[in-house]
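Chain IDs A, B, C and D follow the sequence of writing; residue 1 opens each chain.
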Amino acid sequence: MRNLSCLVFSAVVGALPAIAVADNNPVDEKWWPSEFGANDQAGATNWITPQKRLEAVKLVKKGEVATLGMPYHARTPLFPGRLYSLTIPGGGVPTHDLAWSGDSYRQTFMDELVTAQIGQVGTQFDSLAHPMIQIKGKDAKGWKDGNYFYNGVRLEDVGGPYGMKKLGVENVGSFFTRAIVIDLVKLKGGNLPIGYPISMKDYRDALKMAGIQDARQGDIVLFRTGWNDLWRGNMEKTQAQAIADNAAFNSGGPGISPEVCDHLASLKVAMVGADNWGIEPYDFTGNGQWPTKFEDVKEWAYCHMNLTVRRGIYLFENLDLKDLGERGPAEVLFSWAPLKLVGATGSPGNPIATW
Amino acid sequence: MRNLSCLVFSAVVGALPAIAVADNNPVDEKWWPSEFGANDQAGATNWITPQKRLEAVKLVKKGEVATLGMPYHARTPLFPGRLYSLTIPGGGVPTHDLAWSGDSYRQTFMDELVTAQIGQVGTQFDSLAHPMIQIKGKDAKGWKDGNYFYNGVRLEDVGGPYGMKKLGVENVGSFFTRAIVIDLVKLKGGNLPIGYPISMKDYRDALKMAGIQDARQGDIVLFRTGWNDLWRGNMEKTQAQAIADNAAFNSGGPGISPEVCDHLASLKVAMVGADNWGIEPYDFTGNGQWPTKFEDVKEWAYCHMNLTVRRGIYLFENLDLKDLGERGPAEVLFSWAPLKLVGATGSPGNPIATW
Amino acid sequence: MRNLSCLVFSAVVGALPAIAVADNNPVDEKWWPSEFGANDQAGATNWITPQKRLEAVKLVKKGEVATLGMPYHARTPLFPGRLYSLTIPGGGVPTHDLAWSGDSYRQTFMDELVTAQIGQVGTQFDSLAHPMIQIKGKDAKGWKDGNYFYNGVRLEDVGGPYGMKKLGVENVGSFFTRAIVIDLVKLKGGNLPIGYPISMKDYRDALKMAGIQDARQGDIVLFRTGWNDLWRGNMEKTQAQAIADNAAFNSGGPGISPEVCDHLASLKVAMVGADNWGIEPYDFTGNGQWPTKFEDVKEWAYCHMNLTVRRGIYLFENLDLKDLGERGPAEVLFSWAPLKLVGATGSPGNPIATW
Amino acid sequence: MRNLSCLVFSAVVGALPAIAVADNNPVDEKWWPSEFGANDQAGATNWITPQKRLEAVKLVKKGEVATLGMPYHARTPLFPGRLYSLTIPGGGVPTHDLAWSGDSYRQTFMDELVTAQIGQVGTQFDSLAHPMIQIKGKDAKGWKDGNYFYNGVRLEDVGGPYGMKKLGVENVGSFFTRAIVIDLVKLKGGNLPIGYPISMKDYRDALKMAGIQDARQGDIVLFRTGWNDLWRGNMEKTQAQAIADNAAFNSGGPGISPEVCDHLASLKVAMVGADNWGIEPYDFTGNGQWPTKFEDVKEWAYCHMNLTVRRGIYLFENLDLKDLGERGPAEVLFSWAPLKLVGATGSPGNPIATW
């Protein structure tokens, strides 16, 4: 039990969280049942207690807010294979045809029709039914071949054409808790470059710069990298520019290194969020200082595996942290709950930060 | 004119702002530009000030929360013509096909694909681009024939196949403010019957019962009628029962009477919410005590016209107010922001009430 | 090859239908590679040769046609879980915004947006990637657990979130061949009742009545039962009537018995079509003369398993055979090719019968 | 009737194409009711008579076929704003969960879910409810402002959110008639360049080369330009190559000049088809020999306006004419009927050419 011993050690030495990336192999540890019980489907929101909420509202001192959702539109960059379509049914007339209220006026309406991988486009929250660790050929260690979600739930047992039978996003509950902002843009004096792996040193420096304490159990940690400035304002650009910027955005990005994710895991935070598309750092162009050509990626989605699958800690991607970073403090009240899309793998969102 | 006398009275007593729309005919009053300016697209969220937010957080005394969204699923009752479909792409395998991290494990994922009138199904928030007043044959009074949104914006000028060019839900901002609960279920000792029009007396009795003050500018007023208990738990019922209950739900419901909506308009609240499908009372069965056969409805959607179109006050339908009503107080902090679906007529949601 | 020997025998004795239902167990026979080769993805269209086509055009003597597709609309009865949605994007204006050609006119357009299990709603053609035989626990007989398509292709090997990697409907080719109509409505003097299993005697009687020879290799056999008269004209009915009729339609229907499907298999026809929703007979109401309560069905989809999966013979469901039956002869030229929806499990259609 | 007199004249002089493009202004002629009656919704399929069909089958001499549909897939080039999505619901398991037939086997199924402007993507047939001529400011000539379809039907009168109330593709009927192939690829010895306008001389040269007579009333005329070779085989290319080729495809293409469309109109053909995306020639790059920068296009969609809107003659775009062109003769039997998508503006298709 490498991880645990490691964490025990960190508890002993008190200050340094423990990292053990080297051989952090999910087949060598049976990582369930979770600490919330074998049947738990809510994961890390269990750590958000009434006490946490009362402490969080104390952060509201000015009554200012920032919304953290990016807009969803036809130029939202998408992971290959996903789509976002919004149309306004109408065909030349309003949607409903109700009686006239007077001789000259009546109520009419318009709707919109959306088709999208709605929990996995743009600003997106991953439920526990999104990432899996697929394991094969380890019968000897007690694993059945298959795709394992949080708490040992297997896709092969809970998958279904019309929604997951377990761990759907309707089980999450809500986030009304303290969030801290790790503002790398402020720390570094500009947006982080492609592939940049945010290190523990960066993390500590950002805490120090902000003059705040490290995250505690049930908190949310938000990483501002500046990366989604690339697709900010896409609707105002030329189509060619938007396409080019989306391609650049999708080609990688700065992200959270394994050591930081392991640290956050040890703190038992409720959620980790970022303004990039996938939490972890990548550079598929291979042209930056930290190249990770697509075909050369050694370990995909380390934080997804080790925060969400193994511990039930949530991830929120493609958040808009610019306004908050520019106007707000490093500690805010974060309030949001995912849409109760029964059986869904995620949820779109527009959380509120208040200070 | 019941409405007017009420409003005139309020004008006399001096505390409440007065509304007086001749005979409340939207063609006899030019109701724009709005008080927020001719180009305003945010409407009543303008009333939610930092001061409002600071007052609202003071309502959080226990750190308790309730989420106010109903689940979205295949048995969510739908307005005719609308749909909600969630499928899990996969075809037998996970969505992505990434490299193996070790010899025996790798990261895999699942997505969901949703097609829905996403802002107008289940728990739904109406943006200012949803309801319109259609006017025809009033050229003499200066009206061009057409469908008028808030602030005099015409569908004919801003409509589009891929989203509204103005008033889309991305302009709304956020709701972080005080909400009061008008709990008719508690007041009446049970769920309201079909067609029941909530009166000013009911409204005042509910305030009195709860021992709270009336709503103030920028507040949210939530009406608990019990009506969507009809489709609560649909996924656990037989299919036939769910179909029957959805039909009963769609056949009408208790709702807010015009006099109460006019009162709320005069208070300049930011939003009105309810646990029915359409805010106003209807009984299309014609079998209840307050029958309004579909073909006999005199004035459709009074509150939509007079709160949203004419004043920019938002409506939130199909909220889940059961848990809040049963566990919470009548005054709570309400925090939520709609998805920034560019050009959309509404948003799904799962607001948080905290106390 | 139990089936074949059995069928040879029946050919010899002439009168007895070739039935081997009792132990017609797909785990006892290794039914691939198909006679068209281990890599074949086209199945029974291989039997439609130039010679077949030349013979088929000789059936065109009057130049009359009938189209065999039912309309697709919001009241098309659907298998549970499936949907059909057609909307006209527009939001009050045409879809495109092109320059004016003159000072007073220009080209405009409208589109439609469809979301549907497009190959499996209404008039639907099943590709070889639709029906599977799932087999488990037969390792001893050489079967890996899994879902087997035609030619031994396993879902576990070819499934994918964005389309099947093999056997997609784009591989089918075309049907331009002789079709014969087994008109049970004419034979019985009315539409067949729910659950009615069309027998070999019915089949032979219908051939005799029509004065035509039995189907030959590469032919198409169409069964007219009258069942989809239930949803004919749904758009002109009241909503309640349409809902009731769709429910009746979905509750079962007359269909083709196993003995007839085995016979058709022995003839090596290219396709079997019918005007019911699922080829085989069912009565889920349990109230008819041939009750098969849903929970009591012994063998689902016998013809799907034994024609399509085991032999690559195609099925076409929910055809409209009324006009053809009433105006046309029992032998026609059938011309149609499925949409080349890459990786799809089926195709919608509107075949042409010409005589 | 300017056009007609003009066309009569051209018939007399024999050599000159009947062109009156200069002032071919749809506001100067009242082009309805159509010759098929004021209530006709079928247009040019009225010209396909039994006699036409009997003549057409005589063209089948070898029993050979070619299908004329391009594949529909994720790399099909799309008009901006349109989408094509096919997913396989499943989430790791088959779509249905039926009882086991034996102890070890049962029937299972897979579906596909498609979202697309299904009648306006890839190989697409335009119904009479697709193109309109918008007219404004011509009250003096008896026109109400609005968008006019075939037979004077106005979008403002028949539009609707869930389908057109008139002229939907379900009214078309079928095409079982003679088609001639105008093979410009053979004529010119290669694919036509971007923007190339096919002239009457080209048209006559192609007829002569093929040794066939000109089209007659009720015939179909297919133009092979080679343009959609650009996206042929997209699924086998790199993603970057497919994106580049789709962009090139969408940037314009060779097409049918106004003079040829006027000629075809005079012949009263039933349909005109081509292997480009939009029938008419364009070069939005502006770099070719026949540049038509998007912002400089003088008259959009001349053939759409003058064949479909004014005369009810159908257009079929993005056909695959390569196989037919390479293997088949210049005269074939064309058999196809559009999907009966009620209220739709078009239909996908895969017609069959037989010879």
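FYI, a residue touches a chain if its C-beta (ideal position, glycine included) is under 8 Å from a C-beta of that chain, and two chains touch if they have at least 3 such contacts.
On a predicted model such as this, the values are computed, not experimentally measured, just so you know.
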Between the pairs A-D and B-D, the one where more C-beta pairs touch: A-D
Euclidean distance of C-alpha centroids - subunit C vs subunit D, Å: 28
Length of the line joining the C-alpha centres of subunit B and subunit D, rounded to whole Å: 45
Where subunit B touches two or more other chains at once, by residue number: 74, 81, 85, 87-95, 110-111, 113, 115, 147, 155, 159-164
Chain contact graph, described as a line, ring, star, complete graph or other shape: complete
Residue ranges of subunit C in contact with subunit A within the complex: 81, 85, 87-94, 110, 113, 115, 161-162
List of subunit B residues in touch with subunit A within their complex: 25-27, 49-54, 57, 60-65, 67, 69-74, 81-82, 86-90, 94-95, 98-99, 101-120, 123, 129-138, 147, 155, 159-164, 170, 173-174, 176, 235, 295, 297-301, 304-305, 333, 335-346, 348-352, 354
Residues of subunit B that touch subunit C when the two form their complex: 74, 80-81, 83, 85, 89-95, 111, 115, 147, 155-156, 159-164, 239
